[in-house]
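As written, the chains take the letters A, B, C and D, and residue 1 is the first residue of each chain.
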Amino acid sequence: MATIELNIYNLVNFQSIPPDWPGGFWWHWLFFTVVIIGFVLTMVMGVIYIERRGMARMQSRLGPNRTGPFGLLQPVADAIKVLLKENIVPDAADKLIHWLAPVVAFAPALMIFAVVPFGNGVLLADLNVGILYVVAISSVSTVGIFMAGWGSSNKYSLLGAMRNVAAVVSYEIPLVLAIVGVVLISGSLSLNQMVVAQDVPFILLQPLGFLLFFAAGCAEINRSPFDLMEADSEIVAGFHTEYSGMKFAMFYLVEYAEAVAISAIIATLFLGGWRGPILPPWLWFVVKVIIVFFAMVWTRTTLPRIRIDQLMAFAWKFLFPMSLFNLFITALQVLAGWPTELVWAMIIVNFAVMAILVLVWSKLFFKLGRGRIEV
Amino acid sequence: MAVRTEPFVLNMGPVHPSTHGVFRMRVTLDGEVVVDIEPIFGYLHRGIEKLAEQRTYTGIIPLTDRLDYISSMSNNFAYCLAVEKLAGIKVPERAEYIRVIIAELQRVAALLIAVGAFLNDCGAFFTPFLYMFRERERIVDLFEMVSGQRLTYNYMRVGGVSQDLPDEFMPALRKFMNMMPRFMAEYDRLLVQNEILIARAKGVGILTGEQAINCSASGPVLRASGVKWDIRKADPYSIYDRFDFAIPTQTTGDCYDRYRQRVEETRQSLHIIRQAMEQIPSGPVRAELPQLIRPPAGEAYAHIEAPKGELGFYLVSDNSIAPYRCHIRPPSLINLTALRDMVRGWKIADLIIIFGSIDITVGEIDR
Amino acid sequence: MKFERYGIGIAKGLTVTIRHLFRHPTVSQYPEQRLNISRRFRGNELVWNKEKCTGCGTCAKTCPQGAIEIVTSTDMTENKYVVDKYQVDTGYCINCGLCIESCPYEALYFSHAFECARYRRSELVQSKDDMLETPERKVSGYFYPDKANKLPEQTLLVEKVTEKR
Amino acid sequence: MTVSLSGKEVALKIEGEFPGSLVESSQENLVVKSDHLLDAARFLKETDGLDFDYLNFVTAVDYYDHFEVSYMLSSLEHNHCLTVKTRCYDRENPVLPSVVGLWQGADFQEREIYDLFGITFEGHPNLKRIFLWAGFEGHPLRKDFI
């Protein structure tokens, strides 16, 4: 409880850059809340379009191209269709939980953006524990997903929800450990400070950390190849099998809002956030988010799905030790003062470390995490 | 040290994304682990064997199209061979070659779908499936050219084929044959070495050779278990003894081997087509037969190596215009016999890919 | 393969998909972009030749579905059959083409039209006068190669270059 | 080329082992008495030189007065085959021994025959209707069904 209270306290009182709006903080709060909701919804529509078109082209198809110019209005049409559909609640469902689940899942996805900077100091709340807040908030949507799985009283949903909880609990650890490397280098937990500290994008200083964060992030938000919570070929649609209409739309929105959120975090932590020449900062930010998201689409198009025990093995036997190594090496480098003085040496050393670790560990990984259980 | 929980029953299907049609598996699960499984069929039962007893020998050919609807030509082929064996009909030389070319093209098309669907079951989000469909489309185009339809070809007749190949067929086929090896190479690059696929499919769902033989498995499922048994070589029908081709086999009989086996067989089929294209003579394509065939009383069993395995027709004639009994040996149904032994102890995700690697068509199981 | 287990397979797969991004897609856009169908197309409609038909009824006997109904009467003056009723329920037709192959007088063809969807089931039943050959209902070349040669050549996916490899 | 073994020659061997077990034998096939079916099948599967380890198919034919059940056996090792038949004269409650214990491949096919012909296979582990539902009346592939 103490943590939550601390966060609320910070949200209200702490601002590194005081807003110079007429009316003070509350106008700032209102403005950014509206901006974030607008941004997330627009970005979700944008990324749905990018995913469908990009994936279609990679699969030698055209993708949606009928609604509006180049099919740009397809997400709108989808949204209208899905919102107008009948809301079906299974007879045996736990009605309250079934109803509440999409809301619980959706809120955290929006809340993450409170600390994501769109420009220098352009953010809702510049928390000094920003990244901790992100980690804490992003795992809340798991509760919503588990509620959905349990509340539907469907076996497929339950399986999907169970898989999701297992995956999120495991992947939280490498995710956080990968972030710690970045935190060590930048010397701050605030996302804005991290971006300010990135004279060289951290993807160069922390290549291994980036890979680990990308993989763990994909697993956290159910993107392929870790999408086995909603694996369509195995458990139909996972936790949202029994959802339709508006509530399904919420889950659909959550899926993509989380993808945008993770892309935004990756862009902020590793790709230099809003920093970049010529273009305005917010545009740089959007471009970077889309690039990261496109990488997710690309892997989704290509890779098969992994199995639940392999998913756990991948987290505990592959990502976890690698992130420990990464943390250890980064800590040594920070102690030696490399991030400020020997940046180029650090880039070379870290890339070499990444290559060696990935090679060694991938050989080990294939000896683990498979097998048949005698029944 | 697995934690034992209360088992629960999950009905996979009849409407499920990866049961390849209306097929149901009653799965008993312990958490994610499959404890027991019972396949339940019959949702697509049309009584083709009974219908065949009321139809003329020629009128059954459209029915055979609807058995394994993704390899209709092979079904036509097997049925026509059975009737020819029963009635002692000699097929003209050119028709034999056309049949072989068409049947091998059909094998390529069907195996492409099998592989694509298997990889789709593995979770590769439709990409290999759509690439496979693109290549199958080129074959289906050729079939449309010769028979006028895209799914139920109804092309072969007792005593030959319905019509000669059109003039534009051979150049198109040659173009296709030039294209295919490049596609296969590109396709191999896409997923064959993929680490995730290897981790998923290697060592999963092992079917040993003895077990495969005991379960009467046939086709790629049998050969992936290391049994060198191909009816084209073991009991050459039509003119398969004139072609030079190898029988690829794998060793362990897991899902990955069955997948590799299908890819290798596609290559051998292309090899056969290439030889047949060179050797094809000109001449008539259909033996002179009366409108209604009346085979002498007796029985005949003709089997061919269909894409899914040994497809056989057992016909009993009583010297009338319709068969007294027409039994179909469906490879899909019999290959499923081993499913229970293969999946017990694996997880749901493995159940899906083991099932996908057997490659069934429900139209053939239920008949 | 020495580097088989080090992520090389995944990297190779990724190159294949990204290369497809820059290739021309295989699909065609149907209502705007029409491809030529096979010259031997077996469609859902039959074309009947009034002059050639003698009313022998072979087609009706051959049809495995029993979709063809033919009623004839005898014309004593000219010593031949008159076809009173010739009706095909294309809702039952499975497009097998056995009727066309069996016709001894070349009086029955498939039509080359493929957009034959109807709103009512009763509209699927074709009888004598709507089965004649018209400019809209061209005759398909199924089983009649001389007719096939007059039709436009089939568009093939093999011909369409979708990628540079 | 798969050699089709002469039923007569195999019949001599079976007759030597189990006298009186055969009804008749011809060039193409041999007909075994239904109560000796399992013995003959085991003999065919396990005798050296015969080694019929592969069951191609099992099917039944209704001849009004009796059912004839055909087993086509192959040996993958020697590449030969043989059709074994057995007859079942009881129309009301026909019973045959199941060969699932010898060839597991007969599993679904015997269930199919049970479903469509109504022949009960004793010793089958899971003899239920396979295509039709449990309450279906009659057995469609019998000639007197329609």
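Everything below uses one rule, namely that contacts are C-beta pairs under 8 Å (C-beta built on N, C-alpha and C of every residue); 3 or more make two chains touch, one makes a residue touch a chain.
It should be emphasised that the depicted structure is a prediction, and the values quoted were computed from it without experimental measurement.
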Chains touching both subunit B and subunit C, listed by label: A
Chain pair with the higher count of C-beta pairs in contact (A-B, A-C): A-B
Rounded Å distance, subunit A centre to subunit C centre (Cα mean): 51
Where subunit A and subunit D are represented by their mean Cα positions, the distance between them in whole Å: 62
Euclidean distance of C-alpha centroids - subunit A vs subunit B, Å: 43
Residue list for subunit C, restricted to those that touch at least two other chains: 5, 7, 10, 13, 16-17, 26
Per-residue overlap in subunit B, given as positions that touch at least 2 other chains: 127, 134, 190-191, 194-198
Numbers and ranges of subunit A residues touching at least 2 other chains: 58-61, 301-303, 362, 366
Inter-chain touch pairs (all): A-B, A-C, B-C, B-D
For the subunit C and subunit B complex, residues of the former touching the latter: 1, 4-5, 7-10, 12-13, 15-17, 26, 37-42, 58, 62, 64, 94-98, 101-102, 110, 140, 142-143, 145, 148, 153-154, 156-159, 165
Interface residues, subunit D side, partner subunit B - complex: 1-2, 53-57, 59, 61-62, 70, 72, 76, 79, 83, 103-109, 112, 116, 126, 129-133, 140-141, 145
Contact footprint of subunit A on subunit B as seen in their complex: 2, 8, 10, 16-18, 30, 32-36, 119-127, 130-131, 134, 190-191, 194-200, 203-204, 344-350, 352
In the complex, subunit C residues that touch subunit A: 5-7, 10, 13-14, 16-18, 20-21, 23, 25-27, 29, 162
Interface residues, subunit A side, partner subunit C - complex: 54, 56-62, 298-299, 301-303, 358-359, 362-363, 366
